[in-house]
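What follows is a set of structures to go through.
Same chain, two partners: chain A is paired with chain B first, then with chain C.
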Partner chain A sequence: MITLENVTKTYAGETTIGPINVQIPSGGITSLVGPNGAGKSTVLTMMGRLMSPDSGRITVGGLDVAQAKSNEVAKTLAILRQENHFVTRLTVRQLIGFGRYPHSRGRLTVEDERHINEALEFLNLTALQDRYLDELSGGQRQRAYVAMVLAQDTEYVFLDEPLNNLDMSHSVQMMRQLRAAADDLGRTVIVVMHDINFASRYSDNILAMNDGQVTHFDTCADTMKSSVLTEIFGTSVRIIDDIDGPLAVYF
Partner chain B sequence: MTKLSPTRPDGLVTSIGASKNPGLWSRTWPLLIGLMVTLSLIIASLFIGVYDLSSEGGREMFLITRVPRTLALILSGASMAVVGLIMQLMTQNRFVEPSTTGTIEWAGLGLILTYIFIPQPSLMLRMMVAIVFALIGTIIFFAFLQRVALKSSLVVPIVGLMLGAVVGAVSTFVALQAEMLQNLGIWFAGSFTGVTRGRYELLWIVAVTTIIVYFVADRFTVAGLGQEIATSVGLNYRAVMIVGISIVAITTGVVSVVVGSLPFLGLVVPNIVSMFRGDNLRTNLPWVVMVGIVVITLTDIIGRTIIMPFEIPVSMILGVLGATVFVYLIVRRGRRG
Partner chain C sequence: MANTMTVPVETTSNFINAKHRRRWLISLIGLIVVAVGLTIATIVYSNPMPLGSNGFWKIAEARVISVVVIAVVALSHSFATVAFHTVTANRIVTPSILGFEALYGLINTAAVFFFGALGATLTRGIVSYFFQVAMMVAFATLLYTWLLGSKFTNVHTMLLVGVVMGAGLASLTTFMQRMLDPNEFDILTARLMGNISNASTEYLPYAVPIVLVVVTWLWLNSRRLDTLSLGSAVSTNLGLNHRTELIKVLIAVSILMAMTTSLVGPMTFLGFLVATMAYSIADTYSHRAIFPISFLLGYVLLTGAYFVLRHIFYAQGAVTIIVELIGGLVFLIVIMRKGRL
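Right, the complex of A and B next:
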């Protein structure tokens, strides 16, 4: 379980995020949605202890992320932010190997190699494992970073817009793989998403933010309603019932 | 789609893992060749010079000048190359090294001030002051870096070079006032000419710092993935930065005192190695060390022989080489977009 109690963050004295009070249950996929600038990345980054809130308390799996030892937290949660600009010249396999850092401190054991191979297979990167990261496309690199995060073998996995660089088929693949990570590996996945239809099709819960506040937190089924979505996104949204479930139409 | 069970029922490492392990031999022969090239250059360095070693007193001369000079080449070449690499990992910027961050110039300022305020300062004192000043300079540079959004941009080394230019100008002014301009000139033209027995031994300190780097190498590689990823995998990012900055300052300070300024070595070597072998510090360290030794020994031999019996300072040749590599890196980056 993830709990946020009275969490606030103020940027440069202007934009204020929070106070946020929310409890996200363990298991499954929870999507963070909302307009640009709503505060999704801020909240995810604070949950992943990459930034400390100005006030309030965040616990993930019972650990107070601000207080617990960094290495302890690294065995409980892994976070991946949007892509950074500098690309180290590591191979895909070496990168994923560093996902094992909390467990092995760099000296890979047979157990670590097993996790690395599984993560490679899981994201269809086995053929690319010896390629350098700076010789990959943005999408392939994105998959390599996700594989690294999964190899970290943490119960909680936080991803900020993992579909950013991916084409349609790889987006679908990525979401299926995250689904499998939740279902088969028992991970709790929190993911910031742009596309509400992707979010509703592949996740269990939707947490919507607007203007620094959590405005809605419910199951997908209860979120995919015209009135709810219109309020979340501030633009009129219709629902069409497809055979696989509801689809939001907003153009 | 590949599905994955949480634990493989057979509990075995997949065959991919096995096929990914090339034989011991195919991994070691490039290293052996590198080692042979390095050793032959070291031997060449020992036997090249004006003095005829077969004449009377040749043995003495060999021990007093050639051996210390060659050891100094090995120690400073290896350590400055390694320092360049850890700086590049810490800053996530390929263009960063002690001469593009002002670190070397700060050490120089420290040295000039020591000469002015203390008549005949001991080697130890000069070294301590150089290290402290290198530390101040490096901290200033890193503090600046914290305010830059795009860390991999060219703005970073440009500002570093400017910082260095300002500090260098202050040194020149101070030296001018104290009529010590010549000392400063000699210092900036880093050279191994005056490195003899009794004058190089401090360099063993950088052998120690280089060995320390080997033992904490993985931390620097992880830091090279950026503060966020490093934190996510549980690295104490601040501590790694503090250790790294200290190693940079100590190495630059010691080398500055014994040899003088050795610009661009830390830029050239890691970039060459990275091209062929990537950035995994621990497995690359032997290569960075070897290429560092090869580059500095070669430039020193060229400097010694090209206008024999006179010598061109190593720093001059390094400057030309460094500028070439610098431009090449920029052009290559432009092509990649």
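Right, the complex of A and C next:
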């Protein structure tokens, strides 16, 4: 379970996020949706303790992320930010190897190598494992980053727009892999997404943000309603019932 | 899809493949051989006294001291620069460029300025030497933790702040020096304008063990540094307390910079030069691979320049100037070639 209690963050200027009070249950995939600038990345980054809130308390799996030992937290949650850039040249395998740092402290054991191989296979990167990151397409690189946080082997996985740079088929693949991570590996996945249809098709819950506030948090079925979506996105949305479930139409 | 060219590796290596590892190993061994050769040459070449005589040993001893000074300078600059690059996740701005040495100069000058000639003689003593180093470490750590820990995390801002700070600290130093009386000024310049053949060797007995301890500590923390080089967000995600690590490394860096500056004065581009070359030779994130190469490069460069200038051009005083010239040029070339910072 992830709990946010009265969490606020004010950026220099006057942008204020929160106060946010929400409890996200363990298991499954929760999608964070909302317009640009709504505060999704801010909330995810605070949940992943990469930024501390100005006030309030955040716990993930019972750990107070601000108080607990950083290495303990690193074995409980893994977070991938929207932008990633490294000064060192790394191969895919080396990058994923770094995901094992909380467990290995840099000395990879046989067990660590096994996790690395699994992450490579899980994201279809085995053939690319010895390529440098700067020799990959944007989408392949994005997969390598996701593989790194999965190799961290944490119960909670937070991803900020992992579908960035991915074409349609790779987006579908990525979401299937995240679905498998939730269903087969028992991970709790929180993922920031833009496409509401992707979100509703592949996740269990949808958490919507607007102007720094959580405006809606419910199961997909209860979110995929014309009235709810129109309010969340500030533009009129119709719902069509498809064989795969409801589809939002917004143009 | 069968990949016939490479058998999938089942383990993760610092190096992308055996070829890279071999290239690194050959560079390392080559540098060690050259370093040993230059060391022997520097110590024994054209010693005017007959081999084994008293005079021979006197001259050899003086040269050994120069070699030790060079080793301390090379160790300090290479380790400090690489570690600094790592915790700031940049490969351009170095401690020297950011003004660490200028800060040391300022603290020295301030000591003479405020305590007069008494201060100047006092500052020769071991107690005040440590006092000044402690001041430098405290100031540098506070100042740069504040700078680097807050919003100035991109390279452009850091470079700009570094240039402005360096200039500001230097002009403050000059200002105080102008107001000193000539005696005090002499004592001070002798200290601040050191060079390899005229190093402040009285500090050597303290500088050597201190530098060895700090360098060993950095070496033992190599794996942690590997992770820190991924930047603040990723290393936090991987369970490191980035701010604590930043402060610890900045303390280590400022100690190293204080040691080398107290011996031979500032050298702005040496660290940049050896670190940049080491990254391209080692071509790995691994500090265990980068550190030795960068140190050996610094050592070979300085002993080489020292040997050539001393025995061929009879201008050993120019070692730092020549190395700075090369370093400065490489700095410009790297920035031009990248077309960005």
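Some observations on this one:
To be clear about the criterion, the second predicted complex is superposed on the first by the 247 of 251 C-alpha atoms of A that agree within 3 Å, B and C clash if a C-alpha of one lies under 4 Å from a C-alpha of the other, contacts with A are read in each partner's own complex, and residues count from 1 in each chain.
Keep in mind that, in the parts below, a residue touches a chain if its C-beta (ideal position, glycine included) is under 8 Å from a C-beta of that chain, and two chains touch if they have at least 3 such contacts.
From a predicted model like this one, the values you see are computed outputs, not experimental measurements.
Annotation for the three-chain superposition on chain A: chain B and chain C clash. With both structures placed on the common chain, the touch criterion links A:L108 to chain C but leaves chain B unconnected. When the two structures are aligned on the shared chain, A:G48 is found in touch with chain B and with chain C. Contacts of A:Q129 after superposition on the shared chain: both chain B and chain C are touched. In the superposition on chain A, contact of A:R176 is made with chain B only, not with chain C. When the shared chain is aligned, no partner comes close enough to touch A:V157: not chain B, not chain C. Using the contact criterion defined above for the overlaid structures, shared-chain residue A:F98 touches chain B and also reaches chain C. Comparing chain B with chain C, the partner in contact with more residues of chain A is B.
Of the two partner chains placed around the shared chain by superposition, chain B and chain C are both touched by A:T88. The residues of chain A shared by its contacts with chain B and with chain C are 48-50, 70-75, 78-81, 84-86, 88-91, 93-94, 98-99, 101-102, 105-107, 113, 116-117, 126, 129-130, 132, 149, 152.
On the chain B side of its complex with chain A, the touching residues are 1-6, 8, 13-14, 16-17, 20, 89, 92-93, 150-152, 217-219, 221-222, 224-229, 231-236, 274, 278-280, 282.
By the touch rule above, chain A contacts chain B in their complex via residues 48-50, 70-75, 78-81, 84-86, 88-91, 93-95, 98-99, 101-102, 105-107, 110, 113-114, 116-118, 120-122, 124, 126, 129-130, 132, 145, 148-149, 152, 173, 176-177, 180, 184-186. By the touch criterion stated above, chain C contacts chain A in their complex at residues 1, 3, 6, 8-14, 16-17, 85, 89-91, 223-224, 226-227, 229-234, 236-241, 283-285. Interface of chain A with chain C (complex): residues 48-50, 70-75, 78-81, 84-91, 93-94, 96-99, 101-102, 105-108, 112-113, 116-117, 126-127, 129-130, 132, 149, 152.
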